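Heads up, the next two complexes both have chain A, just with different partners, chain B and then chain C.
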Partner chain A sequence: MTSSINNHSHFVLTLTFLLTSLTLYTSVMAWIIILVICAVTMRLALYFQLHKHAPSIRTLNLLALLSGIVLAYFSLQLGVLLGMLNLLVMASALKLMLLRNNRDYHQLVTTVGFLIGCGFIFQQGIVFSIIYLLLMVALILSLALHYSPSKSLLQTSKDISIMGLQALPIALLLFLVMPKFDPLWQMPAAKSTETGLSEKITPGDIAKLSQSSDLVFRASFTGDIPQPQERYWRAIVLEDFDGASWQISPQRMAINNQYRQYSEEFDASGEGRVFQYEVFAEPTHQNWLYAIDVAIPDGSYSNQRIWQNHDYQLISQAPLVSTFQYKVKSYPSANLNQSLYSLDKRINLQLPPKTGNPKTQAWVDNLRSQHPDDVDFAQKILEYFENQGFSYTLKPPLMQDEPVDQFLFEAKQGFCSHYASAMAYALRLGGIPARLVTGYQGGELRSDYLSIYQYDAHAWVEAWFDETGWQRIDPTAVVAPDRIQYGLQSAVEAENFLYNSPFSLARFNSVTWLNDLRLMLNSVDYAWTKWVLGFDQEQQKDLFKSFIGELTPRKVALFAFGVFALIFTLIALFYLPLWRKPKLDKSTSYYLKAQQILGKLGIYRADSKGPIDFSSQVARATDMSISAPFERLTKLYVIHMYRPDTPIELRKHHAMMAKELSKMKAAVKALGKVEVLEQS
Partner chain B sequence: MQKKIGLAIDQISKLVIGKKRQIKLAMSCLLADGHLLIEDLPGMGKTTLSHALAAALGMDFSRIQFTSDLLPADMLGLNIFNNNTHSFEFHPGPIFSQMVLADEINRASPKTQSALLEAMEEKQVSLDGNTHTLPSPFFVIGTQNPTHQSGTYPLPESQLDRFLMRIQLGYPDWQAEKDMLMQDAEIQNSAFKTVITTDELIELQNLVTKVHASDAIVNYVLKLVTHSRESEAFPNPLSPRASKALLSAAKGWAFVEGRDFVIPEDIQAVLPSVAEHRMRASSSDLTGQASLSDKLLEAIDPLAA
Partner chain C sequence: MLNRHEVFGRWLDKRIPSANRFELDHKSIFIFPSKFGALFLFLCSGLFLLGTNYQNNLMIMLCYFLVSLFLLNLFITYVNFSKLDLQLGKTHNGFVNDSIQIPIWFNQSEHKKQRPNGDLQIGFYKHANFLTLDLNDFSNPVYLALPCEARGRLELPRVTICSYYPLGLFRCWTHLKFKTSLLVYPAPISTPISLQNSSENPKGHGQREQTMGYDDFDSLTPYKKGEPLNHVAWKQLAKGQGMISKQFSTQQSNTGWLVLQKTSPEFIEKQLSHLCFQVMELSKNEQRFGLNLGTTQILPATGNEHQKACLEALAIYPQSLATIKEV
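Entry: the complex of A and B
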């Protein structure tokens, strides 16, 4: 039985658990957080002696049953990953309420450690990494306090920090040399954790995305950096239109699954300008990747993990559950005229039921009859946007019935997706294959890398012309050229930019020092992403190369062996004094074992106590069944340690000691059973 | 033989009631061939204890009451010119007894004090070029009043060191004092009986030196004294003489306990009496502050290898 009264280790553990749960706030359900807070309050009340009685097991069992039922009810919505996480947090909260003996404590420490690990599924930024590191240290501090309760909090913290600093170089070395394997398991996908672009877009959705200043990815260029108007980061191609929203064509998905093995659709031989860059994508829990125009994976490692489908989308083999890093080459001047199969044509001419949006249909029929040439026709639609007083806004009016009609002829204001959607629809009506592409446009340049945020989300149109193949058409560029040239902020009025996140630093770009601060944090985060999170097999190889030259298997083996030998030597140096110590003789080890057994009963020998005194202390503190064998064992021990060396039968004595020891063990076990019976 | 020690202790405790521990300490001190210093307020039974001890052990006993005008010669004896033989004859002083009670030792002048302490150490008296050996066994029980009392010359550390042990009697508890008050004279008289003869005592003292102190025990003693030297908590660290004293006192105690080997508890039992007066400056008294010996004992694990 351990009591929480003034038990620092419980106190620290409780706070660690609370903070860990709070960092998981996005993933843990509110009622579980409340349960956590209740458990923490309860434990703190015990610690500060505001209250004396922990809840009984019966109460807790009932609570656990109820919580389990509620969680089971929600579990289908949550999916496997979040369900398990919620279960873990809930179980820990209940364990914190129980926390009666050593075993409970150890279970809770282990679980909280695991929870801290889980935190990295959701957060990998530098800030959260530091927070989790500190929480881990706090957890170890709690353990240390548990094992040496007499030491002061300050002293123990000092010890822990020293040990932490000692461990740091080893951790660093291991980080650099440990083989980076791809995970052996697949992270269960969690619907609600997906962020960023979605596979189905209703015009207006992107406007919501534009309210977020979260980072989407960074791209670090070697060589040319594209001009702002060239920064069209393709992500998802949407080919199915139902009159209101666009989504990935089901047929296309089927085809993609079928032809997955034929990766790399695009052949890049001699295609003019090339952008070469490396992308660090934030986790989205989706498979879409970003690249400028047509791009192919660069290097074998990126090639293994990325495939390209018929729409020139880059798709990762596994969902992006952590920062994902890949190298690509883009060919901005390449024609996208690889091939238009009849199937592609059919998909991209697909129209929603004829009844919808009649005004648009009539308008297109009229326009198309005047301009039979495809390019001319597309140009005329753009001119319509340009000349008919269209405006670009983040807060367009709601357009529910006949949305395209309403947009084109009544509201005349909208966000990029409105324009793109209307344009693609109009082109299809006019018999030109067209599709909606979503992705990001723009990015903030800093030295040699671009940072792309959610508010850079964009949608545009790709249309097929027989002469040039697939051609990008961006109607937004016509309506709001500033959006393309200078980014979203200059295209909309200041108060509209990020109006849902009033405290976002990005909102205060005009305040110089705040902007500097934001850019500095941005650089730090970039460095973290690039050098820590992005440290993968390839970078490791590069690092090895810089140390040992060209890689031959023998060198690699030698290097790895050398590093492990170094670590082993360090550890050996630490333990050497321990090994050099004379081995304990048998009677002492028996005596120590007996002490351990008594320790389980909470009877400890004060360091200064002699054996006989201790034996009589034991006799006072416990049952005869334990103290009597211990007394006999003590007598033998004393004879061995302090009596002159008369020819006593050593072996016989040891056997006797062993016997007394096992008697003690049996007695303790029996006593334990009795206690359990009494409790229940 | 060892049984007789038990008998002697029982007999003494009939007179000095409720002080069994101090009696045992005094006995160990005697068996270890060391001198004993009893420090306490007047009337606590210092003299009674020495009387009882002397009686039980059949030693001839003399008492020297120390005063500020006591001269060394009053204690050691002196050479007197014999007119008949025309030569100086030595007239031994009261110190030539097997057991000497040096009462209120800190009231005497430093000169007398050092004469006594020299005799204690050398077990002989040198006078005008002649050496006179003191009887054997020779055992001095010094008593002193707490030093803060007026009219005292505190013993210097170097001389306190000559006493193997310093003990305090302290007030008896309720029951012990009640027993003492209710006791009749008959018992008191019966208590003055010789239990151990002088020859037996010498033999016992020999046996005590043969009590076994194992390697582990010697290590424990060494760890204790080393700690007193290394830690800053102890103003006067323990000397090698102190470690020797500690071990021999512990042997005496082990013998009194009926064992022929020393265990850590023996060391712990005698350490406060053996070490406290050596570690603490003589001018400070035992009351107040936490005991240094307890601090020392707490710092060392006797079982650690």
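Entry: the complex of A and C
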């Protein structure tokens, strides 16, 4: 039974638990956070002796039962991952209320440790990594205080910091050399609450995305970097239109599933100009990836993890639960005519089942009759956008009934998805296969990498022309060329850019030092993503290669052995100095040596005998040649022990003692010879 | 066939022979992960699985950080424990149903760095009660209570010391055997004093002297050199009447023998307890008496040494005192 009164260990643990739960606030339900706060308040009241009695076990069991029922009620809606996390936080809160003995304490420490680890599922930035590391150190501090309660807090913190600093290099070595495994089994992904592209869009949805300055991915280029107007990052292809919104075609999904079953991966080919780059995608808990057309995964690592779809999409084999990096080669001048045309045509000429948007239909019929040529027809639609006073805005009016009609002939205001949706619909009405592609357009260039944010989200049209196959048409480029060339910020008025996130640093691009700060943070974050979060099997292999050259089993074994030897050397370095006994005083060591010599002659000093008594015992037992120097040595030793010497005296005494010692040695040797002679 | 405990006991005797002072080293220290250590490793493996399945390097790094801490703790726990240096203090014999306080002195090295830290659990090997000693806040010596259950020689059980410092991940422990011989006297049971003049006729009721009222105050006489100081009449001294000694009536009574009656074995223990009580009482009153146990005879005398000899004879009955001296 341990009491919390003035128990620093419990105090630190309580605070650590509180902070850990607070960092998880986005994933933990509000009532559980309240439960946590109650438990913390209760424990702190006990610590500060504001209250004397912990709640009884019966009360806590009742509370646990009730909480369990409520959590079970919410569990379906939470999904497995968040459900487990909420359960863990709730159980810890109840344990904190209970906290009676060592066992409770240890269980609580372990669960809080695990919660800190879980925090990394949701937060992987540098700042949060440091916070979680500090929380872990605080947890260890709590343990240390538990096992040495009377040591001063300062001393304990110092010891813990030293221990942590010693553990870091070892942990780093282990991280670098321990083999990295593929996921052992599929873990439940959190239901995406993040902003991001979705698999069904209604025009206007992307305008919401433009309010977020969250990072989506970074692409680091080797060689050529695409021009701004070439930076079209394909993510999702939407081929099913119901008159208002676009989504992934169910037919396409069924066909893709079949391809998957038979492992018939689409094998795109490219020629001409090539961009080579590596993408570091932020976790989305979704599968689709980003790439410039025509994209082909580069290298075996990326090929194993990426599936190519027949609509030129790259799909990750596993949901992106952590930072995922992959290498891609993009051929911007290659034609997108490599997929099965008959299928694409069938899907992409479908019109909404119920006829609507009559004005649009009439307009298209008219236009198509004037321009039988496909390219010409598409060109005329773009010209309509260009010449009829259309404007690009983040806040278009609501268009609910016959949305395309309203957009084309009344509002004439819209965001990229309005234009893309209207154009794709018009093309389909005109008998040209067309579809909507969503993804990102643009990116902020810094040295050799591009950072792409949510506000770069974009939608454009792909239409099939017999000569070239799928051809990208971006009506936004006609209406707001600045959007494509310079990004969203220059295309909309300043007050509209990120108007929902007034404190986003990206809003203040015009303030030089703030922008510099933002760019610097960006580079630090990039380095972190690339070298820490993105350290994978491939990079590990490269690292090994740079150390030991070609990887043969023998070399790898030797290398592993070397690393473990290094780890043990490190530990030995940390602790060997402590093992050494305090160094003996020089006079004492001389005296002990003299005793050893006498020991060879069979004369030992009893523990109870003082040095002077022993000296007279030696005088009685041995020859003068030995006892005389020993007597002098003893005298010097006694003087030294009972009267502090000046440093000069001390040196003189030591020299004299050394001399006496050597005399003794010589005498013992001579004696040995005499004995041998006598025996012979 | 030896059972498991005996084999282990013999092995321990060889590995950690008895001594009066111990500096712990690799021969006497045992170390193994504690239950919490196992739980901690479970946490590490949980983090590793989670990190691998989510391909999350930070989780894996955290896992390795904890594993390195675990490794370091193996050494820290060991080094801290090996700084222990302990010595048995002066022990006293005790009575049945009582307990003997065993004093143990812990080192107080001058150098702070040479001193061990944290909580220690101390107790006797295979005994349930362990006491917790905070090495950062304690005073020497530390007393361990050893319960005395039976009369006779008592072997000091091995003293088990264990430490979980600094994080409780490892349990470091040792079983130390201290060189000492302890005797347990019979439990004193209150009874009237019966002294016999055994030189004439131990069984003769006529010669038995009732010594009830031995502490009755009799008279005051001038103090003679050699008389016990607690007989000095301090009141009179304070009044300025000089050193005057109180005389008690029993002071003059004859010396006698305490005799163990020949009875059936089941009454022997009770008789020994009675004798023990009388030895204590008579010695308290500084009366001369002898002890006749049949196997052992102790001539009449007074004083602490005499009392101790008598109690020892009672403790080891039916063996004789001579066997004690041999030990």
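Just so it is clear, the second predicted complex is superposed on the first by the 548 of 680 C-alpha atoms of A that agree within 3 Å, B and C clash if a C-alpha of one lies under 4 Å from a C-alpha of the other, contacts with A are read in each partner's own complex, and residues count from 1 in each chain.
The rule is short, and it goes like this: a residue touches a chain if its C-beta (ideal position, glycine included) is under 8 Å from a C-beta of that chain, and two chains touch if they have at least 3 such contacts.
Predicted model, so just to flag it, every value in this text is computed and none were measured.
Chain A has more of its residues touched by C than by the other of chain B and chain C. In the superposition on chain A, A:389 makes contact with neither chain B nor chain C. Residue contacts after overlaying the shared chain place A:136 against chain C, while chain B stays out of touching range. Within chain A, the residues touching chain B in one complex and chain C in the other are 582. Those residues of chain A whose C-beta lies close enough to touch chain C in the complex are 106-107, 110, 113-114, 116-118, 120-121, 124, 129, 132-133, 136, 140, 143-144, 146-151, 159, 163-164, 166-168, 170-172, 174-175, 178, 180-187, 318, 321-322, 324, 532-536, 567, 571, 574-575, 578-579, 582.
Those residues of chain B that touch chain A in the complex are listed here as 212-214, 216-217, 260-265, 267-268, 297-303, 305. On chain C, the positions that touch chain A within their shared complex are 35-36, 39-40, 42-43, 46-47, 49-69, 71-72, 75-76, 79, 82, 111, 113-114, 117-119, 134-137, 164-168. Of all the residues in chain A, the ones that touch chain B in their complex are 581-582, 584, 588, 591, 605-613, 638, 641-644.
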